[in-house]
Every structure is written in C-alpha cells, then in structure tokens.
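Take a look at this one; I'll ask things after.
Going by the order they are written in, the chains are A, B and C; count residues from 1 in each one.
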C-alpha cells in the first residue's frame, strides 16, 4: 500500500516564511486538494512533494522512506505537472508526448502516443508543431502524459487552467478512474470541481 | 576575538614593515626596490591559501548543509581577491625597476591573474543570485570546481611558459636570503594572517546579521544598541 | 534514453538552423577580424593562427552555452528531467554531447578553411583540426557546469563567461600549443595526449558536477 506523508513541513522563501507545521498523510485512492490564496505557498509545497525543492524543516516520506534518499525509485512512481507544461514549440504534439514520457521512464511507440492524444481530444492535430496549438490544446498534450506513464502518484499544479468545459469533464473522469484503481492525487486548483474519491482531504494554507 | 586579531595584525604589520624597510640590508643585486617583496610574497601566499580555505568551507557547507560555513566562504572571497590584487600590483611595481617593464607573462604572475579571475567569478555568481541558499550552494560548486582546476591551470601555464622562454625573465633565482629578510617576511605573513582572520570574522558577522535580520535575536540586539 | 536526448536536441537544432549558423559565422568573423587588426603580414599571421583560431573557438562555444539549458528551463522540460527516473548526469552528458555536435563539430570542420586564410602548412592544419576535435568537447562539458550554475540569472550570459573562461585556459594552452609544437618540429603527441586526458577527466567529472549544479539552481 503506497503512502505519502508530510511531517511538520516548513517553507521559507527569501526572508518570508510561507508556511510551517504542515502535516498530512495520503493513502491509495486518496485525493488531496491544496488550497490557499495566491502566494500562500501552494506551488512551493508541490515542488517539495515531488523533490525539486527541499523543505526548510520537516520531512516527506514515500512508503515510509524519505524521498530524497529514494531518488529515482520515487521519481519512477510519481508524475509532476507544473505551471510550465514542458511542451516544446518546435516539436509536434506526438514528438512532445513521446519525449516527455521517455523522460518519465516509459518509452512508447507512435501508435500509443497517437491513441493517447486522440483520447485527449487532439485527434488530427498530432503532427502539428506545438507553437500553432492553443493554450488549452498544449495543456492537453501535457496531460496526455498521465495516460501513458502509469505512475501511482500524480502531483498536479493547476491542471485545469486553460481547459474548456469538455476537457475539464474529461480530466475529471480521468482522475476518478485513476483514484479508483488505487492511484493518489495531490492537486491545487482554483476551480470548483467535485472528484469522487475514496478519501478526500483539503489542505488549507494560510 | 576581533579586536585581538586586529591589534595583532597592526602590531605585526608595523614590526614587519620596520624590519623590511629599515633593518634588512639592501640587496646588492636589486637595490632598495626589492623591499616590496615584504608585501608581495605574503600577499601572494595568502591569496592562494585563502582560495583553498574558501573552497574547503564551501565543501563543508555543501556536504553537511551548514549555513555558517558557507557564510564564512562568502566572507573570505573579497579578502582573498584583495590579496591577489595586492600581489599583482606589487609585482608590477617591482617588475618595473627589475625587468624594465610593468608586466611580464611569467608563469607565476599569469597564474595569479587567473586566480583573480576565479575570485571575481565566485563573487559575481554569488552577487547575481537573490536567494541566499542558492547563492551559497552555487558559489560552493564553483569554488570546488576552481580548486580542482587550480593545479591543472598552474601546470599548463608553467608548461606554456617554458615553451615560450624568450619572452620572460626568470624570477625563480633565489639568492640566499639574509636571516633578517626572512624574519621580516615571516612577520609580515603573520600580520597578513591576523588581518585576514580579523576581516573575515567581521565580514562573517555582517553576513549573519544581514541574513538573520528578521529574527528575534537580531531585533533584540538592535533594541539594545538604541 | 541517452540517445533519446541527443536525438531530441539535434532535432530541435535542425528546426532552428539559424542558431547553429550564427555560432559558426561568429567564429568565422572573429578569426577574419584579426588580420584586419594586426596587418596582413603572412609570417606574423602564421605564428598567430593557432592561438587566434582557438580563442575564437572558445568564444563561439561559450556564446552558445546559454542555449544548453535555458530553453528547457523556460518551458518546463528541465523540471521533468530533474524528476526523471533516469540518471541526471547521463541526461546532462547527452545534452553536452548534443551541444558539441551542434556547435563544436561545425567549428572543427571550418577550422582548416580558416587555417588556409592564415597560410598554415598542411600538417599544421591537420594538427589544428585534431586538437580542436579533442578540445571542443571539453569546452562543452565544462561549459555545462557554468550554464547550469547561471540558469535563469540576470545577465547570465556575461556571468557564464566569467565563470567558464578561466577554466578553459588549459585547453587553450595545449590546443594552440599542439599546433605550435608541430610546426616547431617537436611533435604534437604530448599535447594531444594531455588534451585527451582533459577530455576523459571532464567526461567523468563534468556531467556529475553539472547535474548537481542543476539541482541547486532549480531548487
């Protein structure tokens, strides 16, 4: 049973302390929504959880082991989508997806990439360079990675920005499916969205 | 601690300069001008030594994530650069009467110049980074890379210099040094040591105060000072 | 994975050919400016040639360092690389090699032509090209450290030159020295083996150091 725990996390940015004493524990099938106003440290918390930044104090454990010591074992079980999608302007949607999933440790063939993009509603646009895609379409290319990578833990920073209502519906279904199969999601969002999950917790940052 | 080292630095410096300028005999080859080595040689020693010390503190800071050691490294850099510059400058002043030219592309002078570049690189990198923690770590990386490269750079410059021999005058000729000259030099080195320690301590204190300016204890200090 | 990265960076470079050509033309222009500055006497130019070509190669390779990580940093790919289960030093090695293929190799190919401008004899041209072939990958590898440390900083381009150029000095000395030694009839063997040693050492150490620097810069 995979678990993600945070103990007494503290975040300092420059001279300011963004938050302290953040505790949580997330289990398979669990969803955690991180909430708070702009500048309250939501993104910082997510970057800590995926191992990009070190907490000023406290520790983050994956299955009981500190994530910094786990290294690539942890990265193989986790997908992080940040504000920046990692979509290259000069590459086509299919090339973008294949490369980013290869970086995530899963090499997929053209066929599979094609299917995933189709599922995300990008059918017919796979071979266009990403620079001609709209913001929402680029976001869909990024999100398509979640379909092919097969990771347990998804850490999503505002995954729904720039998406239209059909795409939001699509993502909602995707996340519910993931949680049903024992996945875990940590996400921030400003949109009101109801996602059915085994356990839902809200983490409020002041 | 700081006053102790400062006073020691001043006293030793005075003594060293006195020996250097009044007691030590005039060199029969080089005349009076050689006396500048009482400043030049200790400064050159210090410049190299301080870089190694800085890299060492940086390494400790990086390995054990101790903030104080990184702050010490930050505090050492300007002093080290100052000594490097002093060594170059006095070297040039000495070179003019000795070799008839301000600058010679000699292996040691060139290495010293490159050392100055390394110091400047370290300081500019730290200055360009806003987040102090990243500045510490990035500076530590470049200091460590530099310290690994210093021997390589030194030997390549030396090799380069032997290849182009016609251009340089050898300064490795070491005429037998009179004991008074040696004492003068050693005392001056000690003075530089004391100076470096005092200044580094002062600067470390400043760095700590700046970084912790929002904590309670600094506020209390300020309150007490008022 | 390693090949994936190289392939991707080459693909990107192909789609942005102008970037590659800019570096190459910079190299050609700098080398061609020297005779205009010091006069056209062939005897002097022949002596200066290896140094001039090498310094220009250093500058050209350094100028393109900014691109190594910057675009990946801006669009978020770099975050994905840091979070990849693949080994980060290997990824960095891949990127440095791609950088060399895109900027270093054109310089190496161009060098003999520029050498002819300076009236270098045939065997000296050969040594010059060989020394660049061994030396330019070192420049890309060491440069990766500088590029990683200055990632996203104000004035990063100028800063990277301050950090990286002093570290390039040994390569410059032995690279240009190889040509001089061979024209002086001493044989370039010793220089070449030292350049080879630099290459091996930087192949082992630089990706690892640059990977650590990237983690520091992204925190």
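Rule of thumb we're sticking to: contacts are C-beta pairs under 8 Å (C-beta built on N, C-alpha and C of every residue); 3 or more make two chains touch, one makes a residue touch a chain.
The structure presented is a predicted model; accordingly, all values stated were derived computationally and were not measured.
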Chains touching both subunit A and subunit B, listed by label: C
Chain centroid nearest the full-protein CA centroid: C
Remotest chain, subunit A as reference, centres from CA atoms: B
Distance between chain centroids, defined by C-alpha means - subunit A, subunit B (Å): 49
Inter-chain centre distance, subunit B versus subunit C - centres from mean C-alpha coordinates, in Å: 31
Cα-centroid distance, subunit A relative to subunit C, in whole angstrom: 37
Residues within subunit A bordering two or more other chains: none
Per-residue overlap in subunit C, given as positions that touch at least 2 other chains: 219
Subunit B to subunit A touching residues, read off their complex: 130-132, 213-214
Residues of subunit A touching subunit C in the complex: 50-54, 72-73, 75-76, 78, 80, 82-91, 95, 99-100, 102-105, 107, 129
Contact footprint of subunit A on subunit C as seen in their complex: 1, 4, 8, 11-12, 15-16, 71, 74-77, 79-87, 218-219
Footprint of subunit B on subunit A - complex, ascending: 13-15
In the complex with subunit C, residue positions of subunit B that touch it: 114, 117-118, 120-121, 124-125, 128-129, 133-134, 137-138, 141-142, 145-146, 148-149, 152-153, 156-157, 159-160, 163
